[in-house]
Amino acid sequence: MNSANKTTRTRQWTGIGGVGLILVVLALLPLLLAHSYYIHILILAFIYVVVSSSFRTISISGQFNIAQGAYMGIGGYAAGLCSVWLHWSPWLTIPLGAVAATVVGSVLAFPFARLRTIYYAMGTLFLGYVVINMFTVGGKLTGSSIGLAGVHPLFSSKTQYYYVFLGFMIVSLACLYRFEFSRIGTTLKAVAQSHQVAASVGINERRVRILAVAFGSFFTGLMGALYCHYTGVASPASFGLAATLWIIMYVLVGGINSFWGPSIGIVILMIVPEFFRDLKGYLPYLWAVILLIIAFTLPDGIAGLPKLIMGRISNRRGKGEVKADASGD
Amino acid sequence: METVIHTVINVILLSVVYIIMGMGFAFILNLLGIFNLAHGAIFMASSYGCYLLVARIHFPGFVAFPLTVLVAAAVGVVVERFLFRPFKGDFNRTMMVCIALSTIIVTSFNLTLGTKVLAIPSFIEGTTGVGPYRVQSDAILAFCLGIVLLVGIIVFVGHSRWGAQMQAVTQNREGAALQGIRFSQIAAIACAVGFGLAAVAGVFMGTLYNLTPFMGDITLIKVLMLVILAGVGSFNGIFYVGGLLGVLYGALPMVLRGGWVDAIASVMVLALLVIRPQGFFGHE
Amino acid sequence: MLLEISGLTKRFGGLKAVSDFDIGVAEGEIVGLIGPNGAGKSTVFNLITGVLPVTSGTVMFRDKDITRSQPDQVAKLGIGRTFQLNPLFPDFTVLQNVTSSFHLHPHSSLVDIFFNTRKYRRNEAFVQEKAHEVLGLVGLSKVANELAKNLAHGHQKMLGVARALATKPTLLLLDEPLAGMNPSEIQYSLDAIRGMRDSGITVLIVEHNMQILTLCDRVVVISFGEKICEGLPSEVRANSEVISAYFGADYVC
């Protein structure tokens, strides 16, 4: 038992060290980056890391919630509407956005909470579609299909946005992490594996699933509100099906089975292509190629790479050694 | 009176297009268990492809049309063999592959043909009709072809050997395999038919209406609506729900402005879905 | 009476799976519910725990009407159960299967869990200790870190029992606990069930295997959804109706 504890301890500290290192690098980056465009990209990355991670956290409970983009939209429009029409301060609009997304998301999740996989996915797909359509028909109030402009900015310089959003990302990820690796997360995973067994030990499936959606949609809505204050616009196009598909791709490419999967996915699909900006109109080909490579070689996403390598190594050493991996990544 | 007839014709034509699209998607879904998210891209590609053949290379319409469909069917077979079969229905990987395929196709056409709105030149010029009530001759041709095609599919699925095998596979894949049904053959046929039907729908849409760069995405959502409401595993339901969507998207635009059509239609679909999430005509 | 069932009926369309079924279980008893295959035994369990809705009749537990209660509510009231087909949490380890089942007792609130309060940490330590205890009771200590889906069938069954015990049940419903076990496993299970009763748990067992009769204080026989006999194991064994229901195939006098 002691050696197992030791390796877990070492793994934990390596993990913390690695994350700490990345944070230090992120904190120093604005000083090194010449162009504010790169800072812009990183700001967007921070936002989408949280949105994608929330999607993934919800998926732990077995729910493939394709309304994710719409939750972001609810947060964004709630904050945007209050900012543009009521001139409320961002101190109010941003929390409001998060809360609005949570409330609406939880209420709408109710009729779908007992559905299985593909029916849940399709149900939430159309749920998201309906929400986006609602924004589009809002006429002058919501700015129709073009969007609502004039959302009050938060700061004057991009660097300020950068550090504040970095802070939001860190806190959000910490919360999502805690959610997943505590008893709450275990309960979510239990419901995902067998709702029958879960019920027999007193776990109410519907409550747990709605809890997962509520938690995830809170952070997604928060990011939506931040996004709208940053760009100054709340438009349906940013939150529609295409946006959600991208979120799903970030998660799948990075690895849906790992907490850091979404973050890795964003690095690969958002940040790496920036180095190939010269491709311009041909850039989508790069995305497609990345998707195909991952699909063919790394079904568990890039986060699954270490396990794959370890598996190959142990296959070469001893034959068919069953590695009982007690903890998730 | 004229608007009423116009609306009815619109509804009928759209229904035919949606049913054909939905049927193609359903073939792939029911037999392979795969949500072909590239279906919209094939629809768009065939539309643009046919346009290229007719308007730029000046093939006659009745050559370009079958050619487009055959090419699409061939693409379907290739895609099934190299992109679907290796993953045996793993939802995540298939999704990635479909989106990759869709991106490649849509980007290619956007790059070569730009983002203008286009239309495929008519197959049969002019209009036909009685007295003051005229309708595009193309529309009548499309309608007849569509009916023939759909009847052909009903006959094929219901009364041919392949059709019987397909029905078996839809209900129980392993059981079908145990009966000696070669799944790879069925899969290839299913994808050929699926992609081919998408192509037919695409050409119809391009001729009767117009071509836009987003037509694939827009139609994909409608196809998903169609298939989910009809129910996974159903072919018959496609007819009924396709008709419903034709009514919604054909008639509503006459009385409502742009965004409201989508809003109302999607709310209706959502409400129906909440009532019966597994669809109305499916197996489960 | 701990559990009191009267007039329990379940219809599936025109088919009566369970018909006007009565049974009472007193505290501290081990009661066996036996009958041939398809008699409706597991259906009775599913009706008690709320997995299937009741067509008519009542189920009273500790003088509380639980006829319309949901499975998780029934678990909360103190009824634990195992399943015939034995679903598990396949991707969890054996230990995780048990620790995740300590959902009701000890109870940590969401706030406690999220903020890692002292109460939560104390509860989790308690859960770990108890989980290992339970695994020891059912003989699964050695495989605590194996994935549940990799376990041998007999072990999986014991894991199901361990999981049911984690809910600190007053009444334990065992659904065909001896199915698929070899003789030594059967003996082990019979002893384990006796041990549970000694520690204060009332047990209602559905079983097809007649060896369960050695364990039971009382036996109820069900056939085609109807009760055909009730009494001491020795009485039931000799009953001619019971013999004919089983066509004499399942046991040797």
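A, B and C are the chain letters, set down in written order, and residue numbers restart from 1 in every chain.
The rule is short, and it goes like this: a residue touches a chain if its C-beta (ideal position, glycine included) is under 8 Å from a C-beta of that chain, and two chains touch if they have at least 3 such contacts.
On a predicted model such as this, the values are computed, not experimentally measured, just so you know.
A.B. asks: Measuring from CA centroids, which chain ends up nearest the centre of the complete protein set?
C.D. replies: Measuring from the global C-alpha mean, the nearest chain centre belongs to A.
A.B. asks: If you take the mean of the Cα atoms for each chain, which one ends up farthest from subunit B?
C.D. replies: Result for the farthest chain: C.
A.B. asks: What is the distance, in whole Å, between the centres of subunit A and subunit C, each centre taken as the mean of its C-alpha atoms?
C.D. replies: Those two chain centres are 41 Å apart.
A.B. asks: When the centre of a chain is set as the mean of its C-alpha atoms, what distance in Å lies between subunit B and subunit C?
C.D. replies: Averaging C-alpha atoms per chain gives centres 52 Å apart.
A.B. asks: So the centre of each chain is just the mean of its C-alpha atoms; given that, what is the distance between subunit A and subunit B in Å?
C.D. replies: Subunit A and subunit B have C-alpha centres separated by 33 Å.
A.B. asks: Among the residues of subunit B, pick out those that touch two or more other chains and give their numbers.
C.D. replies: Not one residue of subunit B touches more than one other chain, so the list is empty.
A.B. asks: Okay, in this complex, where on subunit C does subunit A touch?
C.D. replies: Checking each residue of subunit C against subunit A gives 49, 51, 70-72, 75-76, 80-81, 83, 87-93, 95-96, 99-101, 103-104, 108, 110, 113-114, 116, 120, 124, 145-147, 150, 163-164, 166-167.
A.B. asks: Which subunit B residues qualify as touching subunit A in the complex?
C.D. replies: Per the stated touch rule, the residues are 86-87, 90-93, 95-97, 99-101, 103-104, 106-107, 110-111, 217, 221, 224-225, 228, 232, 258-260, 262-263, 266-267, 269-270, 273-274, 277-278.
A.B. asks: Show which residues of subunit A lie in contact with subunit C when the two form their complex.
C.D. replies: These residues of subunit A touch subunit C: 178-179, 182-184, 186-187, 189-190, 193-194, 196-205, 211, 322, 324, 326.
A.B. asks: Quick one: in the complex, what on subunit A touches subunit B?
C.D. replies: So the residues of subunit A in touch with subunit B come to 111-112, 115, 118-119, 122-123, 125-127, 129-130, 133-134, 136-137, 144-145, 241-242, 245, 248-249, 252-253, 256, 281-282, 284-285, 287-289, 291-292, 294-296, 299.
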